[in-house]
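You will see two complexes here that share chain A, one where it goes with chain B and one where it goes with chain C.
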Partner chain A sequence: MRAYITRRLLQAILVVFVVTTIMFFMFRIMPADPTTMFLEGGMTEEARQVLLEEWGLNGTIWEQYVLYMGNLLTGDFGNSFFYRKPAWEVLFPFIINTLWIAVPGLLLGAFIGSALGMIVGWAPRGGKVERSGILLATIIRGAPSFVVGIGLLAVFSSYLNWVPGYGMGDPQGQTGLMRYLNWDFAHHLILPLCAVIIFFIPENLLLMRSGVVEARTEDYIELVRAKGVSEKRVAWHAGRNSMLPLITWLFPALAETIAGIVVVEIVFSWPGVGRELVLAVVRQDYPVAQAAFFLLAIMIVLANLAADLTYSKLDPRVAYK
Partner chain B sequence: MSQTIHRSVAWVFRALLPIVTTFRMLIQDRFALWGLSIFGVFIIVAIIAPWIAPYDPFAPMMTETGRLMRLAPPSSDHWLGTTAFGNDVLSQLIMGSRVALRVGLVAALAVGFISTLVGVISGYFGGIIDDILMRMTDVALSIPTLPFAIVAVGLLGPSVDNIILVITLLFWRNGARIIRSVVLTERERVFVKWARAAGASHLHIILKHILPNILRVVFLWVTMSVAFAVLTEASLSFLGLGDPSITSWGQMLNTAFASGALRSAWWWVAPPSLMLIALISSLYLIGRAYEEQTNPRLKDHS
Partner chain C sequence: MNYLVKSVATATVGAGSLFFASAALSQEKLGEIVPKLSLAYYAADMGPVYEQSARVLSQEWAKLGLEFQMRPIQFSTFVSDIIVGGKLEDMAVFSVGADPDRIDPVFYLNNISACGQRANGSSWCNEEYTRLAEKQLTQVNSDERRETIHQMQELFQSQIPWWPVTNTVYGILYNSDKWENVTNPSPVAAHENLVDPWLAARPLTDDRIMDWAYLEDVSTYNPMSEEGATGWMRFVYDTFAKIGADGKSRPWAAESWEFTDDTTVRVTLRDDMTFHDGEAVTADDAVFTINKIVEIQPPTMSSRIGNIAGATKIDDHTFEFNLKTPDATFETIAMTYLFILPEHLWADYEGDMVNRDVVADGVAIGSGPFMFKEWRVNELHDLRTHKAHFAAPAYDGIRRLALGQADAIRSTMLDGTADIATTVLPVAAMSDLGMQEDFLEFIEIPSHGTMMTWLNNTKPPFSDLEFRRALKTATARQRAAIEGWLGFAVPAGEGNVPRQTGQWYNSDLEPVAFDIDAARKILEDAGYGWDDDGRLHYPVK
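Right, the complex of A and B next:
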């Protein structure tokens, strides 16, 4: 087991290294060269060199690469061209904002989705509940998250005017945790959070439903029923076993569905990492874009690692090779 | 000579057979039939789009008094009204189907090709080749999809070809994994072992014994890839990274959203949204029916 974890960890570090390298060269080799873009004309050669050095852009590409990777190890992502301060400092508040919609969104979506999936899974085969459940879930799954977001915005913000549809409110001098624990913040949070929840429901529903349908034909369910256990308890037995693929699905899903969260942040102008990444690309602020991309990649690697380790713990049949 | 032709015709038929049986299986499922019909309508509309679009999608519409028709509600002249820039919404919508399907189909075919190539080579030969290819897949799987697409399209420049390239680079990885796992089981089947014992070449075994048996999985993966590609293109266009020289549904929503027409012009916002939902859901309906039919444990026995 320990050997497996070590091997898996080393593999994860290697993957992060390769992804970071690809990302570095992608930004440096592309036609848009940051040195020509950010150095104003009429600048003396010395001033230019000073600026280049400040951004780590002098020397050959290999020297830059070694410098960048070295800095990365000490947690230095370079300075933002746009904000003129360390990229990490720029990004940190955005990470917390993203987590505010991503984590509760994923958990609530998984909970509601799997509960509905159990209902659909236990409904009579070929019946009304099953057919409409599957059809609805597939249609919602087919709706891009920005379409869902625009729909929510149009109905609840523009038409009914119940909730604000822009930003995350003004903390008005509140600091620390109190910035988030107030009614205004919650008011702003509702719509983007709903969009993320809706985004997660159908996949969970369909996954849970397949699991329950498969479990229904298993012998142990017959046995439980033969023992005279109530139908509700029988459903619980089948549901619990269907949870395994769901739990392992959850971790990579968090990473994979960053895509959905990026567009939700844009639709609701929610100041998160995804929105900042888009803005950084538009502003050609490479240090921030690189740092945001790096953080998202790390998240995926960690999520996959967690999924593998959980799975090996939950399912005794998985061999630790 | 005639024998080679005869043989290759026979091979094509054998290769097409699983697709035909898949198709027959699909039309037995009511949801899949809907999905196939909706998808078929989109294909027809995309093919005849230039002939049925009433106006040039970028032409500014003028009123009789010579003023720009901004945000005109639906009328007999403009069935779906006009945009804030005076363009005809219906024309943009019809032409938008071309972009969606072009990106979807071209990217999905490229994804299918690369996934199959990597999956078959990796699964069939195993050993160090498998190790190298699968480590590459691991790296590719750790790349966040939309963020990568945003950065790559932002750097390469927004054009349809670049969008197709980026989508292909992103989605081969999952397909390669799935196809490899199917090849792993096919490789162990008796007829493959016999063929090998009889001295058949690797290429012969792959083309004649492996490929026809995995075509169904490839077909499913290509179907799902069309949906992913359409979704990614729409998301990029919505984020303002679409090809500015053509109209796509994501782009229509981007312009509508940016010009604050969400509240006033439902005729501009609702149609592209519904088109995206219909197209992507139709593909998911096909894919779902396929999974349901091939997994014996999910099949309805009652």
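Right, the complex of A and C next:
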């Protein structure tokens, strides 16, 4: 097991190294550099050179790469070109904001999706419930998250005017920690949270359904039924034993949520890391964009590792060598 | 019968031979075909108006026998490659905004038209024109300068290296149930560096904070490093002058100023100004700020401070700017941009002033009409009115909501969260909302912002004056304004200076009317011809 973990960690380092390298070169092969917009405003060439030097963009691309990787090893992501402060300081508050919709969204999506999956999986094969459940999951899964988001905005914010459709709170709302602990924040949270929940329902629904469909023909289900317990209780046994893939899926899903939540944050003007990542790319704020991608790569790699290790704990039949 | 068949066959062959011989003869009179031309324009990331305008214009130009390769280009790539990169392949259609300092025509006259300028993307170089361009920069007497500028436009119009197509109409949408006296800043877009409408507006309800629905965030409150949101910075930090609705500089923190000689500007500051911490604003603060800026040369300020040698204190409220060379644009471009920092908060700072985090250090303090209160990154900026300011608005503060996208701005205007929106919504959308909702009022802002056609003057066919003349004659400015901009633009004037700059525009220039037949005649007279497919050919060499 120890050898397996060591091997996986080495693989993880390699993956992060490759992703970081690709990101580094991807930004630098773009035709315009971050000083371009200043040039349109009349910045002199001397001033441009000063900025390029300050931002570590004046050497050859290999020199820049070596400098960047060296700084990265010491935990220095560089200073944001836009905010003029360390990239990590820029990103940290946004990560907190993103977690407010990512974690509850993922957990509620998993709960609702798996509950629906159990109902659909236990329903008679080929019946209305199964067909409707699969159709629902397919439609939601096929719809891009921005379509779901815009649909929610159109109905619940613009038409019914039940909930606000933008931002994280009223402009006149409270500040500091208290801004998160009041009705105004919860009110603003509803729509983006629903969009994330809906985004996660189909995957959970289909995973759970497959597990239940498989489990319902197992001998132990017959044994449970032979004990004379209610049909709901039998279904619960099938569902509980089908949760293994779901639990292990949750780890990478959390990382994917952070990555995939970009669209939800843009649609609902939510000041999270996803929206900042898009802005950083548009502004050509390399340090912030690279730090965000680096963070995502780390999260996804570690989540996958955690999922594998958890799997072996939950199912003793699985052994890693 | 055989005779008849033979006669018909002979006649047919003869006529055919004659036809092909004539055709061959006429083809011989044609030079090489004018190749398909590349037409670059801002891609959809800048909205649909450029795609639509480029299509409308190219449809009319195609009637001259031209074919086009349409090339939408993402904004920053367009700027780096075409506007400042010198990589214009054939033609480009794009626009420049109605920035306040472009009310001075130096951007149009020098930056994009004179020899050796980085933003001269059409690569036209006329020595006589460039000599005049340099001369007008030093003419601090506005009558003399105007004469030179008019002369330059005549020369430009005779050569037509590029031409303006439309002038942009911007808009303001505001909640008229809550606000009044929202004044029109025309001919400049609603930039925060102006009095109109920001400082003129008056509240009608108890909600005395103006909420401005906007797309983007501000990057810093340090005026030495902010580049994009310079106007918002000027709410906090006073400038020496402001541009008024008439497009002229008017006194602001500077009560008055005069050129004592060609390179010295004596400035008298108002004596009733205080910083937000209560300290009086004096000439010491102004001189400290100017000399510090000259010493450290903040890169983002380079386009406006390059000609300043320093500043000298005369008395508590008087000082002098020392310029390196005479500068006719100083009043409009530098005095409306330069700010005053409180010396008592900056003099002892030993770090990198340009990158100082003024919010973290608690020194986001200027003397402007608004005081910094709060910044929630990517959410909002909250400024409160500096009541002691000589031009304090009649309300208690202003908030800039960084909403990120147009739908959210529309929603905030409709649900009453936001009070005012400016150019961040399509102007047509603002106009529609103003008509649909009783509580929303729309103001049209005709501006000097210009959509123009650039040509690569270094290569044929654009190096031929007659070709350029024909192309301009076939430029459908009215169609571009109506179909490209949905009516929120007006056909541009002649020359290279926008009509909206007032005195600087030479209204004596001969108008070039849109006329396809006249354009074809110009080409024909210049020796161009058309083949049977209608494609344009160069004159025979």
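As a convention for this text, the second predicted complex is superposed on the first by the 284 of 321 C-alpha atoms of A that agree within 3 Å, B and C clash if a C-alpha of one lies under 4 Å from a C-alpha of the other, contacts with A are read in each partner's own complex, and residues count from 1 in each chain.
Convention: a contact is a pair of C-beta atoms (placed from the backbone, for glycine too) under 8 Å apart; a residue touches a chain by one contact, two chains touch by 3 or more.
All figures in this text were calculated on a predicted structure; none of them were measured in a lab.
Undergrad: When the two structures are overlaid on chain A, which partner does A:Val213 contact: first (chain B), second (chain C), both, or neither?
TA: first
Undergrad: Return first, second, both or neither, reflecting whether A:Pro93 touches chain B, chain C, both chains, or no partner chain.
TA: second
Undergrad: Of the partners chain B and chain C, which touch A:Asp76 in the superposed model: first, second, both, neither?
TA: neither
Undergrad: Could you say whether A:Ala143 touches chain B, chain C, both of them, or neither, answering first, second, both or neither?
TA: The answer is first: A:Ala143 touches chain B but not chain C.
Undergrad: Please work out whether A:Asp184 is in contact with chain B alone, chain C alone, both, or neither, and reply first, second, both or neither.
TA: Neither: A:Asp184 stays clear of chain B and chain C.
Undergrad: Does the superposition put A:Ala297 against chain B (first), chain C (second), both, or neither?
TA: In the superposed model, A:Ala297 contacts chain B only, not chain C.
Undergrad: Which holds for A:Leu279: it touches chain B only (first), chain C only (second), both, or neither?
TA: Touch status of A:Leu279: second partner only.
Undergrad: State whether A:Ser158 touches chain B only (first), chain C only (second), both chains, or neither.
TA: In the superposition, A:Ser158 touches chain B and chain C alike.
Undergrad: Have a look at where A:Ile266 lands relative to chain B and chain C in the superposition and call it first, second, both or neither.
TA: After superposition on chain A, A:Ile266 lies in contact with both partners, chain B and chain C.
Undergrad: Is there a shared patch on chain A that both chain B and chain C touch, and which residues make it up?
TA: Shared contact residues on chain A: 30-32, 150, 153, 158, 266-267.
Undergrad: Write out the stretch or stretches of chain B touching chain A in their complex.
TA: 31, 135, 138-139, 141-148, 150-152, 154-157, 227, 231, 234-235, 238-240, 250, 253, 257, 262-263, 266, 269, 273, 276-285, 288, 295, 297-298, 300-302
Undergrad: Taking the touch rule as given, give the residues of chain C at its contact with chain A in the complex, in rising order.
TA: Interface residues on the chain C side: 76-77, 79-81, 83-84, 107, 111, 118-119, 209, 211, 217, 219-220, 222, 225, 227-228, 297, 299-300, 302-304, 306, 355, 357, 374, 376-380, 382, 399, 401-405, 407-408, 411-412, 414-415, 417.
Undergrad: Flag every residue of chain A that touches chain B in the complex, lowest number first.
TA: The touching residues are 11, 14-16, 18-19, 22-23, 26-27, 30-32, 125-126, 134-135, 138-139, 141-144, 146-147, 150-151, 153-154, 158-159, 206, 210, 213-214, 217, 255-256, 258-259, 262-263, 266-267, 274, 277-278, 281-282, 289, 292-293, 296-297, 299-301, 304.
Undergrad: Help me check something: in the complex, which residues belonging to chain A touch chain C?
TA: Residues of chain A touching chain C: 30-33, 36-48, 50-51, 54, 79, 82-85, 90, 93-94, 150, 153, 157-158, 161, 164-172, 175, 266-269, 271, 275-276, 279, 284.
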